[in-house]
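Alright, structures below, take your time with them.
In the two assemblies presented below, chain A is common to both, partnered first by chain B and then by chain C.
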Partner chain A sequence: MDYPNHATPLTDDAVDQPGATAVAAAHDAVRRALSQYGGLTADASSVAPDADLYALGLTSHATVNVMLAIETELDVEFPDELLTRSTFETVGALVAAATAADR
Partner chain B sequence: MTGRFAARAAASAAVAAAHAAEVDRDARPPAEAIAALRENGLLAAAVPVALGGEGATLAELSEIATELGRACAATGMVFSMHQGQAMALWRHGGDSPAVAEAIAVVLAGGLMASSTTEKGGGGATGSSTCSVEPVDGGRVHLRKDSPVVSYATEAAAVLVTARRAPDAPASDQRLVVVPVADLTMTPTSEWDTLGFRGTNSRGYLLDAEVDAGLVLPEDYATISAHTIVPVSHVLWASTWLGIAASAADIARRAVRKQARTAIGTTPPAAVRLAELLVALQTMADSTRHAAARFDQIADDRDALGAVSYTLTANGLKIATSEAVVDIVTRALRIVGINAYRLDSDLSLGRHLRDAHGASMMISNERLLQTDAGFALLSGATL
Partner chain C sequence: MSARTSGSPEPRERRGDLRLGCDVASADDVAASIASFGDRWLDRVFTPVERRESHDDPARLAARFAGKEAVLKVLRPRPTDAVAPHDVAIVHDDRGAPTVELSGGASRLADDQHLGRVVVSLSHERGVALATAACRVQGPRRGLSLGVTLRLWITRTMRPR
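And then the complex of A and B:
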């Protein structure tokens, strides 16, 4: 896989870290949401995990729909503190946010 | 919230939230939250640095009150009322050793309650029937039939207004610090209300004999205008801001749920939510501005004593007490039936009941009657 399995380095209390399955599911959901609602100039399924999505045409209006789509697919809610511009900046950041969001 | 009190406010608010439903149901004081505030040093936060405290500004206390209000409005109200009374001790207490002892009690986490109205007085705080009566041994006796004393069972002391002396006129009042050890409290009424049920504001017959040094040296009219009214109005408003912000959060969750069912189209309720946020922001801005304004003039006796300042302090209380009802009502309409239900996680029942208490605890009508006289003398502060 071409993205990090964990938003933060694994530690001894790895139990609290999102499992690989959850991260893979989040990764799929993020790419699907971006391709449906992101309005990107590039193919969302192959965008590099650290590519700047705003540079690829993501607008702040589109981020709302991307967030809603991720929330719907994963049945999570993004907490307020994650609703910042940087959360939507890259695929990697979105995956980290989606796995950190409360189920 | 950010700043030096943020983590401690969040920890206390979490405890308050965990017990809020039960406190509301049983109309009992939020004892667990009060203990958390004490352990976190927040009941002592405003004690000046020179006296061993942290010297919290009113702006800082305002943010704490909002955090508490979001979690449990009754806890926010207790915190707010305590701060106004506690600040009177070092702002108006002079250099009496007995008052210094009372400040030490606050520093250790003691809760200060108050009795400022009297049975038959119609809620008036500016006059008393009861009086301070000198007795032997440098002590004074005081007996008062008090229709409302909030959280009396949790307090370390009750600050009681009374006429200065048996022959003093009704308006010549003093504030007496009465440690509960020197006080006999006989309950005269229960507290079974729509909202703010956890303030447990029962009526009591108070009978006390205390060290004469616990009669604060300044007249109560000054203490009230310079400290108790502005501080309590700002912190009440801050607590109500928390109620309103919590209702807005619930409304946002509901609208987001709707938006997920048809991604790409903005649900009609989102416009109502945007409107609600305009009202909430206005409420927040006026509350925080009033807190910062007090901090600016906290030691300026002329500014604090000005008629125009009383008008701004009363204006904030009246405006925010109406705003909180408006905002919670808007949230109720946005969410719909799930907010109206009591058994839903989007219920706004407690928010709505608490919101209506804001215009009752010190009635807006009474404040407007005070303002009516002042309005002939002064305009708004621009």
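And then the complex of A and C:
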């Protein structure tokens, strides 16, 4: 990841911040996409990060919608190698995929 | 949990066994996705040929979507096997019958499990689309190909004694 040039050395907190911000943004985007397009039987905003989304009603059709909603919000694109069942299995996996997706 | 390793059929399958997969899809759901995401959704899921043959009609696209899913059930990807929607294309043959074209991750799954040609049947009525896919397990190739066998026979026959 590229960081802006600074006249003084970056502190650990400053280095951690961009990554943490990206993960937080991905987390919010994933939960919003699941709320709007996931068709889950549970409230997407409170689903545990490791809960099985397929068991909560996520369908293959819904996964495409969820993916496109995340891509739109974060301005990323999921590469083909991330289009696996496990990518969409949990909130945590989706956040990791969204964070790793191409910008 | 499957104990299958890459490059082999399911443990209990034998050469010649039949695999079946089926799926349903809703034309209303397809129309809703098109309304929300437009060409991005269409282009992400369907190949240009599939879009052209379906005239972007939600009912026909739903049938193809169900077909892709039915084919996936035949291919049995593991949770970490990547298969993009484009990797399973369903296009018409000369008689208008749907045929399956595999590429990318879907093609690798079929090769690794020694699956024969995948066939599919589609139907849709009153907004509900249904698809069934099937293929035979061929098992790993054994013995020599016809070409190699012929070359060996010719070489041995023509050898001076």
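The criterion applied here is as follows: the second predicted complex is superposed on the first by the 85 of 103 C-alpha atoms of A that agree within 3 Å, B and C clash if a C-alpha of one lies under 4 Å from a C-alpha of the other, contacts with A are read in each partner's own complex, and residues count from 1 in each chain.
Keep in mind that, in the parts below, a contact is a pair of C-beta atoms (placed from the backbone, for glycine too) under 8 Å apart; a residue touches a chain by one contact, two chains touch by 3 or more.
Only a predicted model underlies this, so the values are computations on that prediction, with no experimental measurement involved.
*Asks:* Of the two partners chain B and chain C, which one touches more residues belonging to chain A?
*Replies:* C
*Asks:* When the two structures are overlaid on chain A, which partner does A:Glu89 contact: first (chain B), second (chain C), both, or neither?
*Replies:* second
*Asks:* Please indicate which partner A:Glu81 is in contact with in the superposed arrangement: first for chain B, second for chain C, both, or neither.
*Replies:* Touch status of A:Glu81: second partner only.
*Asks:* Looking at A:Asn65 after the superposition, I want to know if it touches chain B, chain C, both of them or none. Which is it: first, second, both, neither?
*Replies:* both
*Asks:* Overlap the chain B and chain C contact sets on chain A and report the shared residues.
*Replies:* 37, 64-65, 68-69, 72
*Asks:* Which stretch or stretches of chain C touch chain A in the complex?
*Replies:* Touch list, chain C to chain A: 25-26, 29-30, 33, 36-37, 40-41, 44-45, 65, 69, 72, 77-85, 87, 104-105.
*Asks:* Which positions of chain A touch chain C when the two form their complex?
*Replies:* It is residues 37, 60-61, 64-65, 67-69, 72, 80-86, 89 of chain A that touch chain C.
*Asks:* Show me the residue ranges of chain A that touch chain B in the complex, using the header's touch definition.
*Replies:* Interface residues on chain A, with respect to chain B: 37, 64-65, 68-69, 71-72, 77.
*Asks:* Could you please specify the touching residues of chain B with respect to chain A in the complex?
*Replies:* Contact set of chain B toward chain A: 253, 256, 259-260, 263-264.
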